[in-house]
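In order of appearance the chains are A, B, C, D, E and F, and numbering begins at 1 in each one.
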Amino acid sequence: MIDPMEVPRFAGIPTFMRMEHTYELEDVDADVAVLGVPYDDATTYRPGARFGPRAVRQASTLLKPYNPVTDTDLREFAIVDHDDAPVVPGYTETTFEEIEDRVDYVFENGASPAIIGGDHSTTLPVLRAVADEYGPVSLVQFDAHSDLWTEYFGKNHNHGTTVHYAIEEGLIDPETSIRIGDRGGLYGREDIDRVENSGIKYYTTDEFGENSIDEIRTAVQERVEGAAFATIDIDVVDPAFAPGTGTPMPGGLTSREILGLTRTLHGLDLVGFDLVEVSPPYDDQSNSTAVLAASIFFEALCALVAAIDEK
Amino acid sequence: MIDPMEVPRFAGIPTFMRMEHTYELEDVDADVAVLGVPYDDATTYRPGARFGPRAVRQASTLLKPYNPVTDTDLREFAIVDHDDAPVVPGYTETTFEEIEDRVDYVFENGASPAIIGGDHSTTLPVLRAVADEYGPVSLVQFDAHSDLWTEYFGKNHNHGTTVHYAIEEGLIDPETSIRIGDRGGLYGREDIDRVENSGIKYYTTDEFGENSIDEIRTAVQERVEGAAFATIDIDVVDPAFAPGTGTPMPGGLTSREILGLTRTLHGLDLVGFDLVEVSPPYDDQSNSTAVLAASIFFEALCALVAAIDEK
Amino acid sequence: MIDPMEVPRFAGIPTFMRMEHTYELEDVDADVAVLGVPYDDATTYRPGARFGPRAVRQASTLLKPYNPVTDTDLREFAIVDHDDAPVVPGYTETTFEEIEDRVDYVFENGASPAIIGGDHSTTLPVLRAVADEYGPVSLVQFDAHSDLWTEYFGKNHNHGTTVHYAIEEGLIDPETSIRIGDRGGLYGREDIDRVENSGIKYYTTDEFGENSIDEIRTAVQERVEGAAFATIDIDVVDPAFAPGTGTPMPGGLTSREILGLTRTLHGLDLVGFDLVEVSPPYDDQSNSTAVLAASIFFEALCALVAAIDEK
Amino acid sequence: MIDPMEVPRFAGIPTFMRMEHTYELEDVDADVAVLGVPYDDATTYRPGARFGPRAVRQASTLLKPYNPVTDTDLREFAIVDHDDAPVVPGYTETTFEEIEDRVDYVFENGASPAIIGGDHSTTLPVLRAVADEYGPVSLVQFDAHSDLWTEYFGKNHNHGTTVHYAIEEGLIDPETSIRIGDRGGLYGREDIDRVENSGIKYYTTDEFGENSIDEIRTAVQERVEGAAFATIDIDVVDPAFAPGTGTPMPGGLTSREILGLTRTLHGLDLVGFDLVEVSPPYDDQSNSTAVLAASIFFEALCALVAAIDEK
Amino acid sequence: MIDPMEVPRFAGIPTFMRMEHTYELEDVDADVAVLGVPYDDATTYRPGARFGPRAVRQASTLLKPYNPVTDTDLREFAIVDHDDAPVVPGYTETTFEEIEDRVDYVFENGASPAIIGGDHSTTLPVLRAVADEYGPVSLVQFDAHSDLWTEYFGKNHNHGTTVHYAIEEGLIDPETSIRIGDRGGLYGREDIDRVENSGIKYYTTDEFGENSIDEIRTAVQERVEGAAFATIDIDVVDPAFAPGTGTPMPGGLTSREILGLTRTLHGLDLVGFDLVEVSPPYDDQSNSTAVLAASIFFEALCALVAAIDEK
Amino acid sequence: MIDPMEVPRFAGIPTFMRMEHTYELEDVDADVAVLGVPYDDATTYRPGARFGPRAVRQASTLLKPYNPVTDTDLREFAIVDHDDAPVVPGYTETTFEEIEDRVDYVFENGASPAIIGGDHSTTLPVLRAVADEYGPVSLVQFDAHSDLWTEYFGKNHNHGTTVHYAIEEGLIDPETSIRIGDRGGLYGREDIDRVENSGIKYYTTDEFGENSIDEIRTAVQERVEGAAFATIDIDVVDPAFAPGTGTPMPGGLTSREILGLTRTLHGLDLVGFDLVEVSPPYDDQSNSTAVLAASIFFEALCALVAAIDEK
């Protein structure tokens, strides 16, 4: 990582936090591989998340390595930027195979994946690779939507069906999984049943607001068992804080809330995480969404290296 | 309404929520007529609200029909998009006549008006039509400004004088009316007297913040009597959440607060509402103001159909 | 069409030029059906063209019906807005079927299609429907790219392979087809052979600049035989005039040049046209790309109704 | 004027070119009074020109005082910034009186007005003041539209009727007036008659393009007699160069063309000019429209002081 | 100050709140001199704060003179706009001298400085002038960063070292100083020591959130002794509310929080204040950052005149 | 270089054209080292060019390697991305030393520098390194400004004085140097003398427009002798095509003109070039300036490798 006291943060090639860039994980003994997944063709509204990895990396150059809240210094871990998965625009299932292969490769080389999406459909192939390595995992999902639908426009796979198929394929265990952030309108009353029947514990955004962050932390820690994967959809945050996303939903979390919420991942046996749905063409002039996403990613990364440190 | 599971929400002509479009209300037995009022020439600072109806309609295509908080399914009601009132740029009083005529027509056909402004001056002719139908009504106003001034630049009518003339013309009963959201600087101490003497009960934004939403709901429900009209000025919301407006005022409500506040309309005998001062040329790249306004409009619409359902 | 001297052009539901909206062509005896094709998942760089139909329709409300250069009055023809084809995000080939079906339906009802894309991949299914009706047609292509590649990322169909497969499938006759606008870098020398061997006559942007518009008109009119379809990729225009597009290429046509070039379609036996690759999330604050695209569309529409008038 | 070699141009209060600001012209012996007219309520499409004076002044701080093409040094003339006319939003005719009064006052104090609009309706009261001083003048109009309509939405005055009423009221002499820039669609064939019958000589944008700038200069100089007033509607320029305007019309002049065209005013007996329809909320991030408008204003100002110098 | 009931707030030259503009303080008996400091070359990330004074002045035209929360009427005080300090781009230390000279001049003329920055480096020369007048003062700092670093890129002076050198030069007394708003990552654990050892009392943003505004007010009032200077870095606010800044840091204060926090300055012996790091090129389309900054500036100005009133 | 037919151009770390990234030139036998110079503190108006290298690199990922106009295939040359020079914000002269050192290092390793600025002041230290290697060189400058001033605000070095000091220090030979693009206002008549006396041949933008590109090519080729360095200030282009720059000047070159002009460098003994003044915070939503700059850079790079090939 380039020292920001030596070289200004606006200088240099924007890998994640200006860390080492490598395609070949055999050459390095990485703790964490940061991986971009620039696919956005399975979104049901606004595209653009294909530029999410590039934007989050660029915003990450403003980050500093030491986290005073969790007392984590990223410089003590081997974190590399493993570039992007090779996606195929317009071909969702082919792309899923490419993503799964790349995450498999990360695990094969003993690293944990820290992923920048992409739309939320891309979490399914990631979870396939995760389950391949660890069996069904606990899912911790921060999201405005449950992503439990089964079909859109006659097709199974898009960014609203990910969690349904993750359960159906046995990639996650709903009984040890938790979701925080549900809000907004639904297609009908049957959507409520769908959510209730899935087995995943959840807090709506309103319920989140009625609990202290300590209570939420307890809920997360008590619910989750064994290997856990965290999936953070940036739309859990309110559009005022994260306008650059595919299906903005007003009434969401503030930046302080999402940063606090992400810190509840500390202490879990985290085996990887992704942060999805950052859509730069809809971001503001200051790239506020990317800047916030980079900070959330940093918090999740601190939780991930803490879990690695535990082992 | 087009089914969003069949046709993606980015497709199709953007009527409100892609509902049926009609100029002729005689032909349909509508419960609610959504009507645009694209007039913005009576604003004292930034114009642009003439494009408010178009922007809110476009953002509304992202909405889903079922409201899980209030258990309302809009598909159970006959809601049509009744196009826009024909306004006359640069001629405030002529425009007022056109607006009043159009709202009269809505009432004549047994529908309730759900109106997208336009600057806040346009609420005066709407209230003239409302009072024509119902006599003086209770006004529920969510607004950063009282709109109780009497004159600007030597003229009576602009977006800061609406409520003064609504009282003076006997269109609303101040004693059963309530306003929430006052904040910001004033022209002088005399403005405080003006507000106190109007007879309308009000909560400043700070006072709103000191009460729970349940306390506010009680206050609204206890204050309002008989037929009620709600007027929502988007500037009651903070510019971070709603930058696209004519006279932005920092320190306002969050998106969660305004959505909760709008739900306090449930249970009133609501005969119509308007949502004003959305100025798209000042909105952000993600159209956050329009997206939030569409969600607020949806909540008010749920309250309106609930009132219709009661009858 | 709503009279813009009566109702301001910023008012009303934004169908194309505020013309009649209908899903059912059986009910109307339309000369032209304006159809949106909101698909953008087959783009190789920036997405967003799915919002092209909505943006061009909105910008079209500023248009006036009479063309003084060609002496065409659109009010003398039956032009309807036939809404959008139902696309399936993330599934290119399924989407192609939906598009082809919809254009077939337009022809079945005796109308000519005037299409707003979408990325350039969507022209292939349109040409399938056109060839179904007319046999192989002459293609008039205004484009910065030849779209003659055969494969990207291991797949046949995306916005760079359309013309190759249109030839291979016998949808167009290269010997009576012409392309104007080639410029910019290529993947290698083999791309030049590809272009030379295709059989389509072409002018690079530089060659276009060396000829007068009259010479270009002669070249188009002499080359094209029989039924002709025009496909206009907005990226033929320079990014200064049309920034909102998927693969911007500097050095392109000015607005005056493209308007003049589009007028060279007059006199051809035009059976339809499309205008593609308008990507609103990359457009400027003034929606200049959509505004220009609406003007180009207007010129092509004038050529189309002139051809209908000839019959 | 503040010396830009001493104080950077981004510093200081943005009067026009950081020149002296005064409300009282009696106190100064001004050659030219720069006056803003922030009224935009008579536009038929996009508002925002009320912020035109502020934006052009801000962009003008980047200008340098010496014009090498015309060998004019503005420092040799007494040019003051005379602030803005007090307009009344929503009341076109009241505003017209305020504008006329203020321009009268400029003439009373021996200065020539250099005006920043505002929408094009505001030129009518300016011409009333001009005609009051000089009798009917020659009008030199650079504009995409003729502004010869008689009525919109049942009212006489808006930004499309200015020239019609200037003729009808005898403020300008059409036989010594000239207009350059007509283009785009019309409401019908009758619009062509309207233009032909007005008596004003004109060049369409296409005709402008077919002539050299020297030929245009000759045409202007030969047509115009006696006292002349120049009115420059920024929409004569193409939206690529001037996106921030009320009714953008593709196919317009380039920046080089409009600067050259404005220089054709040199040698006329210019008694004032205005530059209208700069709408900052639709301008780009670089304020390109305001920057170009400031340069055009500078060229017109050089022509104006040259005319003053002649006397 | 121009009366906003007479002349609309979008009209007129944008001095601060359209107050009197003067270079010469000898001529006026000013209570407060508003001074711009357009220097941004000492920022470590995004520049642009050089346009901060211009943007805040422009946004200030929307302000009204009476503060109902503190019962302050600015019209009762002599406040002038004293233009900008003459800075030298690329030369930090030369610029510091210019700034110090100008603030000295303000004090010499009996006025208190109210300063619009500029990046935060510019507070150092301001404090030199303040300490020259008053000796070491109490600093009240609202800021996301401590600005206690000693060196960046081998140089002492930039926007991250201001407070360190203010202590080292004896300009402020850390034992009576307080800072509110610390958050975000650090360069390492040593940064915590740096902060602890400085002697300045501080509240992190999280600690701020755990206290009521009354508790914070008490803390400020108890800590501060004698003459106090307030320095407000806009980045203490969350980027959702203030995107236009040099080093945005998510998780910050809301607009309501910063307005309340600024009001805690009332009752201190305030001798001046600055508001820094507003970077307009990164602001949103609505200029939300400038609008909020103008409101914060207004609150600080009310505290400043209250302190003047006490004397 | 990553194959764009295999991995989409929106994927991957954005080095220049996704070429190899290296700090250590000893390890590679590079023909060309692409180097960023992110310094913008010596600009006299708008900053932001510090983000130029990052933006041009990002836009360059859209480029293809083969140039059909010049028949150049970049894949036949060893081009590496050599990261950025370490600059020091706020310290112009210290930064100059860093830049010179880095360019020296490029030459020491046998590579030619292809530089992305930064503001135009940074060309001075580059030329110091160039002259160190080659003695006084011929300068080919494409620029709206002569950059021949001697002092601004009492200091010698900023972006308007570069060429003056390059002559004074003997870095360039004015008698074999040429500049194209002068236009716009000046500080006074003395500026014309300054330009005439410098010895550099020049064409104003108007003169450029009066010559064919072949005539300009001849002029360049005849004027230049021996080793040549090209410096391209993006402001030579019109703001419509390149809005993102520090001192925009209307009336400039079109994109086709600058691309043609840049190709006139072919055949010179080019030893390096820079492209400066791209200011991303002022660019448009489509990053048109960066996209055009990348294309210009590509053309200059083709000329540079052609010169290398000659040797």
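Convention: a residue touches a chain if its C-beta (ideal position, glycine included) is under 8 Å from a C-beta of that chain, and two chains touch if they have at least 3 such contacts.
What you see is a predicted model, and the numbers here were worked out from it, not measured in a lab.
A.B. asks: What's the overlap between the neighbours of subunit B and those of subunit F?
C.D. replies: The common neighbours are A, C, D, E.
A.B. asks: To test your reading of the model: what rotation angle superimposes subunit A on subunit E by C-alpha positions, in degrees to the nearest 5?
C.D. replies: A turn of 120 degrees brings the C-alpha atoms of subunit A onto subunit E.
A.B. asks: In terms of residue numbering, is the interface formed by subunit C and subunit D classified as same (over half shared) or different (under half shared)?
C.D. replies: Interface between subunit C and subunit D is built from largely different residues.
A.B. asks: As a quick test, compute the distance in whole Å between the mean CA positions of subunit E and subunit F.
C.D. replies: Spacing between the chain centres: roughly 39 Å.
A.B. asks: Could you please state the distance in Å, as a whole number, between where the Cα atoms of subunit A are centred and where those of subunit B are centred?
C.D. replies: Once rounded, the distance between the two centres reads 38 Å.
A.B. asks: Between subunit C and subunit E, what's the gap in Å when you average each chain's C-alpha atoms?
C.D. replies: 55
A.B. asks: Two or more other chains touching the same residue: where does that happen in subunit B?
C.D. replies: 6-8, 10, 44, 46, 50-51, 86-87, 89, 153, 238, 240, 254, 281-282, 284-285
A.B. asks: Line, ring, star, complete or other: which describes how these chains touch one another?
C.D. replies: Shape of the chain contacts: other, as it matches none of the listed patterns.
A.B. asks: Determine which chains touch and list them pairwise.
C.D. replies: A-B, A-C, A-E, A-F, B-C, B-D, B-E, C-D, C-F, D-E, D-F, E-F
A.B. asks: Where on subunit B does subunit E make contact in their complex?
C.D. replies: Residues 44-46, 149, 151-153, 184-189, 191-192, 205-206, 209, 238-240, 243-245, 247-252, 254, 281-285 of subunit B touch subunit E in their complex.
A.B. asks: Taking the complex as given, what residues does subunit C use to touch subunit D?
C.D. replies: Per the touch definition, subunit C meets subunit D at residues 4-10, 62-69, 71, 73, 75, 238, 240-241, 254-256, 259, 284-286, 288, 291-292, 295, 298.
A.B. asks: If we count contacts the way the header does, which residues on subunit D are in touch with subunit B in the complex?
C.D. replies: Listed in rising order, the residues of subunit D that touch subunit B are 40-44, 46-48, 50-51, 86-92, 94, 121, 152-155, 157-158, 281-282.
A.B. asks: Flag every residue of subunit A that touches subunit F in the complex, lowest number first.
C.D. replies: Those in contact with subunit F are residues 6-8, 10-15, 21, 36, 38, 50-51, 53-54, 57-58, 81, 83-89, 281, 285.
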